[in-house]
Amino acid sequence: MVDQDSYSKSALVDIKDLGFSYNQGKDETLKGIHLQCPEKQVTSFIGPSGCGKSTLLRCLNRMNDLVETAKITRGYINILGQDINARDVDPIELRKHVGMVFQKYNPFPKSIYDNVAYGLRIQGEKRKSVLDEAVETSLIGSALWDEVKDRLHSSALGLSGGQQQRLCIARAIAVRPKVILMDEPCSALDPIATAKVEELILQLREDYTIVIVTHSMQQASRVSDHTAFFYLGELVEANTTENIFNNPQEERTEHYISGRFG
Amino acid sequence: MKLKSITTALAVSAAIAATALGQSKIIFKGSDTLGNKLVPQLKAEYIKTNKDLDIEITPQGSGHAFSNLLSGSADIGMSSRAVKQDEKDQFDAAGKSLVEHVAAWDMIAVIVNEENPVKKLTLEQLGDIFTGKIKNWSEVGGADAPISSYTRNSSSGTYKSFSKLGMAGEDYGSDCQKLEGNQQICTEVSKNVNGIGYVGLAYSKGDNFKTVKINNNSPKISKLATYPLARRLYYYTVGEPTGQVKAFLEFATTAEKADEITEAVGFIPSKAGEQSAAK
Amino acid sequence: MNASNPFAKKKSLFEVKERIQLNLLRLACYTIIGCAIFIFSDIVVKGAPTFFKAEAPFVNTEFFTKSPEILSVWHDQDGVKYSMTKSDADVWQTENPDLQVIDLHDYAASGGGILGPLLGTGLLVVCCMILALFIGVSAAIYLSEYCGKHDKLMNLVRLSILNLAGVPSIVFALFGWGIFCHMAPIHVSVSELSDTTLWAFPFAGGYISFQGWDTSLLAGACTLAIMVIPVIITACEESLQAVPKGFREASYALGATQWQTIRKAVLPFAVPGVLTATVLGITRVAGETAPIMLTATVTEKGNLPFNTIVDEGVWGFFSQSVQALPFHIYTLSKLPASENVKPMQYGSIFAFLLLVMGFALISILLRNRIRKKLKW
Amino acid sequence: MGLNFNSAGIVKGFFGGNAYLAIVFLLFICLFLFKSGIGFIPAYKNELSNARKAGLEVSNMIDYELKGYYAISAKLNQAFTSEKRERFGEKEILKYVYEEFEGLLDDELEDNIDGYLDIDEDTTEKAEAKTTLLAEIDSACRGLGEKFLLSKVTPRIPSTTSISDDTIDSAIEYAQQYALNDYETPEEIDQILTDIADQMGALGVINKDLKKSSAGLEKLHKTVETSARKTYDILKNNYKLRNSIQKLKEGLVKQSGKLDNLTDSEKIATQETLISEIQTKIDEAKSKIVEVDTEEAIIPIYAALEGHPAIIEKLRAVVPKNIEKLKDIDFISPEAKEYAAAIEELLPQYLEILDEQETSISNWTHETKVSYFAAIKAFFFGLDWKTGSNRQSLYGLIPLLSGSLLISLVAMCFAVPLAIGTAIYVNQFASKREAGILKPAIEFIQAIPSVVLGLFGILVVGGLLKDWSASPLLSWLPGFPINDRLNVLLAGILLAFMASPTIFTLAEDALNNVPKAFKEASLAMGATRLQTSLKVILPAALSGIIAAIMLGFGRVIGETMVVLLVAGNKAKIPNFSEGIAVLGQPVHTMTGIIAQEYGEASPGSTIYQSLFMVGLVLFTISLIINTICQRILARQQR
C-alpha cells in the first residue's frame, strides 16, 4: 500500500470516508473516498468519464452546494485542518481560500483588468494602488503580463483560448488562495496552449497546492506529484505519480493506464 | 330539377318571411345624456307591447348621432344639442334631409362637492371657471384651493351646449378634464372637494355633491324660463320617420306613459317644457 | 465553535448590507405577487356573491341567462330595500300596489346578467381565430418550410411581422375602423347604396359598393384577426422550426414530396406549438377592448346574436353589431360608484377574468399534455 | 409525376398566397395609416391659413397677453379675498350663513313659497290660505337655525371658530325676506359685498385700478376677435361648402351612371328627379358661398391694432406701479402676504410676455403664406389640443405626447426596479419550487385584461391612493394630498403593474441566457450569490434587459383603456415646474384621445385625419422601439 505517513504530514486537504450523492442521499456518486493532498504539490485525479473525479473536485470548494439535491452522505473533508462541511463554515469564505479554474475558459465579459481585480473587489478592496499591484502580480504569475500589459482595459473575450484560460488562472490566484482546483483546464485548448498552461502549473506549484482533474494521463504524469485513480465513484488507488504509472498496485489501474478501457 | 324547385321554394319562403317581419330593429346612437337613462327606460316600456322589436342603444356622445345617421348605421340619432350647420351641410350634400324631434327639455346642472362652501355662481363666473380664467375657489368665495373642472368629452352634445349657454361661446380652457359621461362627472365631483362639473338634470341628484345656483336660479322645472342653462334634447331621423321608427317616436314624444317616464328620469317632457319656457 | 476556523463566517457591515439588498430583491418579487393577490382576492371576494348562491344549483343562473338590463333600486314605506331589473320592478309594482316606491334610482346596464356580452365576445373570438389561424398558420408554413433562412425578402417580412406584433392595439383599432367600417366592399341593392361609398359597380342584380360594414361582428373579427396574425405567425413559425431537421430529412430520404413531408413529418409535431399559439392568441384577443369598441360593439341590444340569423340570414348575422364583455365592463366603469352597481361591476370582471385566465391556464395544461405524448 | 408536381405547386401557391396575404395586410396598414394621416397636413394648413387671413392669429396673441395679466389679477383676487375675510369676518359670516339658509329654503320650502306667491287675494278663502302658508313659511324659517348644523359648516369658513346667535338671527330674517319677496336677495346682503370692497382701503384701490388697466386691452381683444371670427367663420364655411359641392358632384356622376342601367321608365323618372335635386343642392351650396375679400375684412383689425402699442405702454406703466404699491400694505392675513409675494415674482414674467408679444404683433401680417412645413410644425410642436372648438380647432401633439411620456415614465419608475429585481430574485435566488410557483404566477398577471385593471383602478386604487396621499406622513411632499382622483400617479401605478410581467419575462430570459460558466467562475472566487448576480450576471445580460425595458415601455405607451379611464384626460402640458406634484395632475394621452374623439370624426374630416396622424405617431414610436429591440436581441443571440 501507499506510504501514508510520507505525505499526510503536510496534507492540506484531507478527505476521509467521503460519500456523496446527487440525489437526496440515494445513489451515491462518491463511495467512501479516503485521500490526502499534500501542501504545495500537484495532485491529479484521473479516471474514465463519470467516475466522480470532477464531483470530488467540486466538493472541495463546495461548488456542489449549488445543486439543490446534492448531499454529503458520510465522512468529511478537512482543509487547513477544518471540516469544510461543518455548520459554522461559510462556503463563501471557503471559496476565497480554495480557488478554481474550469474546463472551459470562462472570463467575464469585462476588461482583462476587471477580470483579475474581480476577486479583490468583491472582498471590498477599493484602493486602486492595491488593485493595480495585485493585477500585475497575478498576470505575471500566470505568465500573461507580457502579452496583455498594453491592453489591460480591453475586453477579455478578445484574447485567444489559451490566453483566456491563463487569465482565468490569474483571476484565481489574484486573491491568493491556499488551494487551486483545476477541472480539466486544458481540454478545450490546442497543444501549444496546453503546453503553456502546463508550464504555468509547474510554476504555480511553488506557491500553491493544486488539485487537477485531467483526462490525459500524459498530462497527469507531466505535471503532478501525486495521482489518484477513480473508477465508478471509488478511489481505486492513490500514490505518487511515479508509482501509479510505473508500478500500479491495482489491476484496474493498470488496465486503465495501459488503455484497455476508459 | 327537383333540387332546383326545392331551392326556389326555400328562397321564396325566406323572402316572404323577411318581408313579413319587416324592419324589426331600431338602432339608437348618440347622446349619452339621453341614451343612458331616458331611452333605455322608454325602450323597456315600449317593448312590452312590441315584443318582436329589437332596440339597440349605443350612447357615446351626440357627435356619434350625426356621423352614424349619415352613414346609415343608426335609425334614430339622439342629440343633446341642435344640429350644427356644418353637420346639416353634410346631410344636404348627401341628399338627405334631417328631421328634428324634441325629445325633452333638460337643464344643465352645475355640481360641486357637498363640502364646498360655494352655493351660487354668476353665469360669468361659471364661464370664467371653465375657460380657465378663474383657477382658485377663493376667487368665487370658496376656500383657497385650486379648481378641478370636469367636462364631458368633445363628442358630447352637453359639452357643446354648455359652451354655448354657459360660456358665451368661448372655448374650454386646457385645464378641463374630459370625462366619458355624466355619471363619471358625478363620481369625480363627489370624490373631489375642489371639483366642479356639469351634468344633465337627470343626473343632478346623488350622494356627496350638490347643485349650484346660477344667477340665483336653481335647476328646477319651475325655473325653466329663467335658468340660463336650459336646453332641448332631440331625436333626429333621416327623412320623415316611417314604420316602427315612427311608431316609437310617436310613443316617446306624445304618450302619457312616456311623459311619466321622462319626468321620473329627471327630464322635463317636451310639451310641458315648451309651455313653461314660453312663460 | 471552532475559534481557529479559517472559513468562519465573517460578521461585518458588508454582510448586513448584502442581506438588505437580497431582501429588497425578494420584496420586489413579493410586491408584484402581493398586488396580484390583492387584485384577485378583491375581485373574487366581491365578485363571487354575484356568481354563486347558497342554494342549489349554487350558480347564479340568472347572471348567465340574461342580458344586461336597467337596474331599479328603491325602498318602500317600511324601509325595506328592493333591487331588481326594471322589467321585474314593473311586475312587482302591479303586484304590490299598496307598497310605495320611494327614492327610486335607475342604473343603466347594471341589472340582469351577462349573457349577451358573453356570447358577443365568444362570437368575436371564434370568427377572429378562424380567420387568423387560416391565414397565420399557412403563412407560417410558407415562411418556415418553403423559404430559406436566407431569403432576404422573407427575412424582411419576418422582421416586419415581429415589429407589427408590438404595435399598440389602438392603432389596429383605428385601422380597422377606417377600413372595415368605412371602406370594405359590400353587396347592396340600389336603395342601400351609401353616398359615402368610395366606388361602386353593378353586380348580380345589385351593387358591389366600397362603403364599409359599419360597426359589425365581421368588422370587429377582421380587426382582431389582423391584430393577432403577427402573434400567430411568429409562434407557429417558432414551433415549426423546433421540429428537428432530421424528421424532414428522413421523410425526404424515403421519397416523400415536400407537401407529404410537411403533412406527415412536420405538422403533427408542431401541433402543440400551433395549439399554444391559438390559445395565446385567444387570450390576447378576448381581453382587447379598444379595437372592438371602435369596430364592433353596442352598449345595449335586446336580441341575442343568434336570433338575428333567423330573421336576417347569414349576412345579417355577420353585419350585426354585438355586445361584448370588455366593452360592457367599460360601460360599467363609467357608472357612479354605488353599492347598487357594484355586484354587476365585480360580477362582470370576475367572469371576464375567469374566462381569460381560464384560457391562459388551458394553454399551459394543453401544451404539457401534448408534449408528453409527442416526445423527440 | 406531372400531377405530383402540379399539386405541389398548388400547395406551395396556397401557402405562399396566404403568406403574401398577411404581408399585404401589414403593408396595407402602414399605407392606410399614412394615407389617412397625410391628408391632415393640407387640411390643417388650410385652417391655419384661414386663421391668419382672418386675423384670428393676432387675436390669439392678444389673448396671450391677457392671460399673463389674468395670472396676476387672479393672485390679486385671492389676496383680496383672504384679506377681506380676515378684516370683515363677521359680515362675511353673515353673508355665508344667509346663503346656507337660502339653500335650505330652496330645497325644502319651494312648493310652499311658490304656492304663496301664486295665490291672488281675490277671495277671502284664498287670502286665508295665503295667511296659513305665510305662517308655515314663517315657522319653517324660525326652525332653520336648529336644522342648520353649525358644527358641519363652521370649519368651512376660514378663520372662524364660532358663529354668534346674532348673526344667525339676522341671517334668518334676511332669509325670510328672500322667501317672501319672490326669491329676491335682500339688498342688505348685496350691500355687504360693496361695503367690504369700499372699506378695503389701499388694497381695494389697487384691485380696482388693476382691473381698470386691462380694460383697454380687453376691448381691443374683443374688437379684433369679433372681426376675425366673422371672417374666419365665413372662410371655414366656404371650405366646407366647397367640399360638399365636390361630394355632390361626385354623387351626381354616380347617380347619372345609374341611369344607364335602368330600363323601367318609372325608375328612370325617379332617378332623374333625384339627379335634378342634387343639381339644385349644388346650386344652393354655390349660392351660399360668400366671397369675402379678406384684404378688406382685415382693415378694421389693422386699424384696431394701431392702438395696441399705446395700450401696452400704459399697462407697462400701471401694472408695476400698482404692484409696487402692494409692498406698502400691511397685510393681516398671512395668505394674502404670500399671494402678494407671488405677484411680485410674476411681474417680470409678465413684462417679458408683453415685450415678446408686442414685437410679434407689430411684425404680424396676414399676408405671409402658411407653408406645409408650418402646418407640420404646428402639429408636432403645437401646445394645444382643442377640437370641437367654436372658433379655431387646434391640433397640437405636445400635450398628448408629454402626457403619454410622463405616464410611461412614472410607470417605468415603478416597473423597472420591481420587474428586474423580481427577475434577479427568481432567476438567481429562489429555490426551484419557489421559482416554479413564482414564474407562472407572474406570467399569469400578463393575461389580466387592461379594461379590468382600469375598472379596478377606478373602483379601488384611485380611492386608496387619494386617501393615502392625505395621510399626514406624506404632507411634506409638494402636491400632497393629491387633489384629483384620476391622475398620472394612478395611471402610472396601474400601468407599472401591467408592464412588470412583460419586463420580468424578457429580463428573466436574458438572465437565463447568461452562460452558467460565469456564475460558477464567480462563485468559485468566493463571491456571494448576490455579488455574482449584480456584478457578473446582470452586466452580462444588460443588453437583453435594456431590450426588455424598452419593450415594456412600448407596451405602456400604447396602452389605451387604462389611461382612458384613469389618467384624467386633461389635454394640457403637465406643469413640470411643480416638481413631484406633477404626479398628482391629470393628463391626456395619445391613445386616450383616439378612443375619446373617434366618435366625433366622420371619414375625411380634419379631426378624423388628425386622429390618424396621432395613430401614425404611435405606430412610429412602437416601430422604432421594436426595431431597436430586435437588433439588440439578435446581437445578443449571436
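Letters are used for the chains, namely A, B, C and D, taken in the order the chains are written, and counting of residues starts over at 1 for each.
One rule holds in what follows: a contact is a pair of C-beta atoms (placed from the backbone, for glycine too) under 8 Å apart; a residue touches a chain by one contact, two chains touch by 3 or more.
A quick note: this is a predicted structure, and the numbers were derived from the prediction, not measured.
J.: Going by average Cα coordinates, which chain is farthest removed from chain D?
T.: Using the mean of the C-alpha atoms as each chain's centre, the farthest one from chain D is A.
J.: Could you put a whole-Å number on the gap between the CA centroids of chain A and chain D?
T.: 68
J.: Round to the nearest whole Å and give the separation of the Cα centres of chain A and chain C.
T.: 57
J.: Just the number, please: Cα centre separation of chain B and chain C in whole Å.
T.: 31
J.: Between chain B and chain D, what is the separation of their C-alpha centroids in Å?
T.: 22
J.: Using the touch definition from the top, which residues of chain D touch two or more other chains?
T.: Counting only residues that touch two or more other chains, chain D contributes 247, 251, 458, 528, 531, 565.
J.: Multi-chain contacts in chain A: which residues touch at least two other chains?
T.: 93-94, 97
J.: Using the touch definition from the top, which residues of chain C touch two or more other chains?
T.: Correct list: 182, 195-196, 337.
J.: Sort out which chains touch which and give me every pair.
T.: After working through each pair, the chains in contact turn out to be A-C, A-D, B-C, B-D, C-D.
J.: Which residues of chain D touch chain A in the complex?
T.: 431-432, 515, 517-518, 520-528, 531, 535-536, 539-540
J.: Which bits of chain B are touching chain C when the two form their complex?
T.: 14, 18, 21, 24-25, 27, 35-37, 40-41, 43-44, 47-48, 53-59, 70-73, 94-96, 180-181, 183-184, 186-187, 190-191, 206, 264-265
J.: In the complex, go through chain C and note every residue touching chain D.
T.: Within the complex, chain C touches chain D at residues 18, 21-22, 24-29, 31-33, 35-36, 39, 42-43, 134-136, 138-139, 141-143, 145-146, 157, 159-175, 177-179, 182, 190, 195-196, 200, 202, 226, 229-230, 233, 257-259, 283, 286-290, 293-294, 326, 329-330, 332-333, 337, 342, 345, 349, 352-353, 356-357, 359-360, 364.
J.: Applying the document's contact rule, which stretches of chain A touch chain C when the two form their complex?
T.: Listed in rising order, the residues are 79-82, 84, 86, 88-90, 93-94, 97, 124.
J.: List the residues on chain C that touch chain A in their complex, please.
T.: 1-2, 4-10, 14
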